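Got a structure for you, questions after.
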Amino acid sequence: MAIIEISKLKKSFGSLDVLKQITFDVNKNDVVAVIGPSGSGKSTMLRSLVHLETIEGGSISVDGDYLVKDGVYPKQQDIKQITSKMGMVFQHFNLFPHLTVKENLEVAPRLLKRESLAVISKRSDELLEKIGLANFSNTHPAKLSGGQKQRVAIARALMLNPEILLFDEPTSALDPELTGEVLQVMKDLAEEHMTMIVVTHEMGFAKEVANRVVFMDNGEIVESGSPTEFFENPQFDRTKAFLRRNLK
Amino acid sequence: SDSSSKTGEKAEEKETLVIGIDDKFAPMGFRDENNEIVGFDIDLAKAAAEKMAVEIEFQPIDWKTKEAELNSGRIDLIWNGYTVTDERKEKVLFTKPYLANAQVVVTLADSELSKLDDLAGKVVGLQSLSSASDALAGNPISEDIKTVTEFSDNVTALSDLKSGRLDAVVIDEIVINYYMTTQKDTFKILEEELAPEEYAVGIKKGNEELQNKVQTALDEMNTDGTAEEISIKWLGEDKVLK
Amino acid sequence: MTWDYFISILIPMLEGSKMTILLFLIAIVLSIPLGFLLTLAVKSSFKTLSWLAQIYIYVMRGTPLLLQLLIICFGLPMIPGIGQYLVLDRFVAACLGFVLNYAAYFAEIFRGGLLAIDKGQYEAAKVLGLNKWQTMTRIVVPQMFRIALPSLANESVTLVKDTALLYAVAVPELLHFAQTAVNRDFTIMPFFVAGAIYLVMTLLLTLFFKWIERRYTFE
Amino acid sequence: MTWDYFISILIPMLEGSKMTILLFLIAIVLSIPLGFLLTLAVKSSFKTLSWLAQIYIYVMRGTPLLLQLLIICFGLPMIPGIGQYLVLDRFVAACLGFVLNYAAYFAEIFRGGLLAIDKGQYEAAKVLGLNKWQTMTRIVVPQMFRIALPSLANESVTLVKDTALLYAVAVPELLHFAQTAVNRDFTIMPFFVAGAIYLVMTLLLTLFFKWIERRYTFE
Amino acid sequence: MAIIEISKLKKSFGSLDVLKQITFDVNKNDVVAVIGPSGSGKSTMLRSLVHLETIEGGSISVDGDYLVKDGVYPKQQDIKQITSKMGMVFQHFNLFPHLTVKENLEVAPRLLKRESLAVISKRSDELLEKIGLANFSNTHPAKLSGGQKQRVAIARALMLNPEILLFDEPTSALDPELTGEVLQVMKDLAEEHMTMIVVTHEMGFAKEVANRVVFMDNGEIVESGSPTEFFENPQFDRTKAFLRRNLK
C-alpha cells in the first residue's frame, strides 16, 4: 500500500527546471534509496515532501491526504498536520547548538504539548539509549563528533513518532570512519520497518539496506528498481555511466 | 478641578529657581577645593533668593549654550558675570546692571606685549560666545590678530596661556583680577582695555514678572548693605553699582 | 601629591561616576530591546517600515552622538511652535539621546547575529512542527544573542566611554569634575585618576561579559 | 529660513569641515601603519614588547578619547619639570591623540585579520620555499588587509564622527560653528545642516570603502 | 635506488607518541600509498619530510643528503635546500585566495628568482594546459570547484620542478563526483614516473596507481607491500580489520 504518492511534481528555480514531472510511490515499510548526480534534484524532491520547498505543479499525498493537489496547497493547518507524519534528517545535522542533546530531542514535543513532560522525558532517554548516547544527554552538540551529531538528529526526528523518515545525504558530511555508526542506526530502523526515503551517495547502503533504488538525473527519474536489478542490470545508458563513475 | 489643585499645590511649596552658571568663572561662580560652588554671584543669588522667598538651585552649564538653556526653560536665570550687550538684549531680559567690568587683555607677566597694537600677528584666546569675543571684534586690532582660539571656559584659556600656546587672553577684568591675587606674578594686564561693560542677571524673554522680582531683590540688597558685604568679601572693596 | 589631596579630588569624581553608571544602565536596559525591535522592523516584510528603520539606523550611525545630544537637549526646544513642549530634563534628554543612538548600533549587531544563523536552523524547526513564534523565541533569538554577545560587549565598553559626552549637555559627570580639578589646581593628576576610574569601569564590564560568554557558550 | 541665511551659516561650517577632513586624513594615514606595528609588537616573541603593546592597546581602548585629548592638549604641559617642552600645537596635539587612539583600534582589527588567516597559508608558503619576510609581505598581509577592510571601514566612519571632539580642545571645527550659529540665531537649523554634512562625509567614506572592497575581492 | 630513506622516526605531541620509530624507504619513481585509520600519524610522517613538523629522533635523507640525522637538523639553509626537492599538496588545497590561478603558480618561482620571468610564465601556461585549466589563469581560487582547486595546487607544486611530490589526502575534501579529475592528474604524473607519496583514503587509487601500499596504525608501520599482495593477502589482523571496514 502506497503511503506516499508523488505525481507529476514540477518545480523550477528561475529558468532552471529542477523537477520535471516526477512521479513515484513509496509503500509502507519501504526503504527507498534515491541516488543521482549532483544537481539532479534529489534534495528538492525530498524537501518538497515536508513543504520546505513549495512546488509548482503535480500532487503529493501522504497516507491518503493531499499535501498538494495539482499544484494547489490546502490551508496552513492541514499542511502542518500532513507534514507532521514525516521526520527529516539533514546532511548538516541542523542540531540546535544552544540546547543540550536531551533538550534538542525534547524541544519540539514540549512545545507541541501533545504529551506529558514525563512521557517525553522517558522517550528521549530511551532513544538516547538506543543510539548509544545515553551518557551525552547534557552535552551540547558542539562537543560531539559528526557521527554522534547525526545520530542525535535521527533521534530528534524520532521523538515525534513519524511514520516516515526522510534523509538527505545523512553521511556525506562525515569522515569515512564515522559513517558506519550512522548507517548502523539507519539499518536498525529499517529492521523495525520504518518507512524511509534516503538520498545518498553511499552505494553500500543502497545495496544492503534499501529495497528500492531510484536514480534521478537532471530533474527526472531515469529508472528505479530493486537494488539487485538496479546495480547488476541497469537499463539506461545514463544509469550505467553514473554507476561506472561511482562504483569503482 | 485638576488645574485648580495644581495651583493650590504651587502656593504651598516654595517655587524653585534654577540658575545657570559657568562653574569655572572665578570669582563670580566656581568650585572651591571641596568641589562646592561658591563666588560673588552665588552669594548674591542666595541672598536674593531669601528676599524673594524662593528656593534656588545652581546648574552648571556649558557657557556656549547659556541662551539656549534659558530659552528652553531648563534654567530660569543666567546669573554669573553675564554681560549686557545689545545683541543679547534681543534675546534676553536683563535686570539693571549690578557690577562694572571691562574686557582686558592679559599676558604672561614676562611677556613683551605691552599695548593693544602688539597683538598684531599673535595668537589670542577667549571664551567661546562670551562678551570677550564681542569686545575684541569691536576693536580694530582684531583685523591684525593671527588667530583667535575659542575655549569653552576661561580657565582652559588661561592654562593655554601659561603653557605658551597663546600669546594673550581676552578676559573679564574681574576674573583676571581674582586670579592675579591667587597666582601672584604669573599674569600681567595690558593697560589699554578693550571695552567697558556691565554685568546683569538674564531672564527669559517675556517673563517680566520674574525680572521685576529679581530687580526688587537686587535693589533691596543695595539699600540694606548685603551687596556691599558680598562685594567686600569677594572683590576686596565695594564695587556694586547702585 | 598628598593622600588628602588625592581623596579630595577622588570624591567628586566618584560622585560623577555615579551619573556615568546610572546613564550606562538606563541606556543599556532600554536600547537593547529597542535595538531588537529595530532589527525586526528592518527585516519586516512591510517595506515602508523596513525603509524607515534603515534610514533611522543610517542617520544615527552616520552622525556624531554629540550632535544628537545637542539637538535633543538644545535644538528641540527651539523648534517654533512645539518647542516649548519638548524641553526635557537634562539627564532625561541625555538618556534619550544615548538610547536612540545605541539602539541603532545594537540593531546592526542583532541583524548581523540573525544573518549568522544557518538557514538549516529554521528548516529543522519547521520540520519539527514549531511555528514562527516558537522558532523565533526558542531557536533563533537565543542563538542570535549568543552570537551578538562579543559585539554587545564591545559596544557597551564604547557606551561607558561615551558617557564622557554628558559634559556637553552639562550633566556633571566624572570628566567634568576631573577638568574642574585640573583647572583649579593646575596639575595633570585628576586626569589620570579619571582615566583609572574609566579603566576600572571598562575592565569590570569586560569581565562581566566574558563571564556571560563563558556561561552561555554552546560547548 | 532664507537662502541667504542658509548660505551664511553653511560657509563657516564648511570651513570647519576642512579641519575635520584634514584631521581625518592625517589620523588615517598615520594610525593604520602604527596600528600594524602594534599588531606585530603584540605578536612578537619578545614577551616584554608584547606585554607593553597589549597594555597600551588596553588603556587606549578602555578610556575615552576625549580624556586622552584633554591629557595631551592640556595635561602634558602641566607635568612639573618637563611640561614646558610638551606644549604641542593644538591641532598637532589633536592629531597625536587621534593617531595614538586609533592605532590601538586598528591594531585590534589587524590582529583579528591575522587570526582569520588559515595555518595552511603559512604551510603552503613554507613548502614553496618562501622565507618569513616574503610570506608576510606577499601572502599574509594582503589577505589580512582584505579581511580587515570591513572593520577598517567601520572604524573610519567612527573616526569622522569623533572629530566632533576637536571642539573640546578648542580646534574650531564643524560642530563648533554649528553651535555658535544655534546660540546666536536661536534656531535648530544649523544643527541639521551639520548633521547633513556629517552624513555626506560618512556616506562618501562608506561608498569609497565599498568600492575598495569590491575592487579587492578575491573572487 | 632509495631516493628517500626514513629511519626510526620519532615524534610526540605532549604525552602522545604519534610516530614510534618509523622506518621505510621510497625508491625513485615509486608511487607509495599510505593508508591507515584516522590519527595513526600519516600526516605527521608526511609533514616531517618537508619540515612542517620537527621530529625528535631518527633520520630522514633525501637524495643522499640528511634533512635530519639522529634527531639533529643541519642549518636552515641546508634544510631549505633539501626540502626544495619536494612539493606538497594539501587536503584543503591551501591556494592563495588573493592571487589568480596563474599568480598562484608563479608567486614562488618569481620570488625564488632561479629562472627568468619568461621561463616561469611559459611553464605556468604549459602546466595549466596540462591540468585542463588554461582558461582559468586569471580566475581567483574562490571561483573554482574543489577538484579544480586541487589540480591548481598540484600544478603549483610542479612549478618548482620537484623530484618528489607528497599528497596529504588530496581528494578527501572533495565531493565524490570531483575526485575523478584529481585522480586523473595524479595518474598522469605516475605515468611520467614522478616519485609520489600519497596519504589517501581512496582504496581505488591505492589499488590502481600505487606500486606500494604502506599501512600505518597507531604511529607504526604495520605492513607494506605491493597493492596486490596487500589487498588480497594482508598479513596482520590490524590490516585485515581496517580493510574490512574500508572496502565494502
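Read from first to last, the chains carry the letters A, B, C, D and E; within each, the first residue is number 1.
Definition applied: a contact is a pair of C-beta atoms (placed from the backbone, for glycine too) under 8 Å apart; a residue touches a chain by one contact, two chains touch by 3 or more.
Quantities reported herein were computed from a predicted structural model and do not represent experimental measurements.
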Between chain C and chain E, the fewest touch steps amount to 2
Outermost chain relative to chain E, judged by CA means, is B
Top of the farthest list for chain D, CA-centroid basis, is A
Chain-centre distance (mean CA atoms) for chain B and chain D, in whole Å, is 38
When centres are defined as mean Cα positions, the distance from chain D to chain E in whole Å is 46
Taking each chain's centre as the mean of its CA atoms, chain B sits from chain E at a distance in Å of 83
Chain A and chain D have mean C-alpha positions lying a whole-number Å distance apart equal to 53
Chain B residues touching 2+ other chains are 65, 68, 71, 156, 159, 162
So chain D residues touching two or more other chains come to 74, 78, 179, 182, 186
Pairs of chains in contact here are A-C, A-E, B-C, B-D, C-D, D-E
Counting only contacts in the complex, chain E reaches chain D at residues 50-52, 80, 83-84, 86-88, 90, 92, 94-98, 107-108, 111-112, 140-143, 156-157, 160
Residue set of chain C touching chain D in the complex reads 58-59, 61-67, 70-71, 74-76, 78-79, 157, 161-162, 164-165, 175, 178-179, 182, 186-188, 191-192, 194-195, 198-199, 202-203
Residue set of chain A touching chain E in the complex reads 37-38, 175-177, 180, 201, 204, 245-246, 248
Within the complex, chain B is touched by chain C residues 8, 11-12, 15, 70, 73-74, 77-78, 83-84, 87, 89-90, 167-170, 172, 176-177, 180, 183-184, 186
Counting only contacts in the complex, chain B reaches chain D at residues 64-68, 71, 87, 91, 125, 128-129, 149-152, 156, 159-160, 162-165
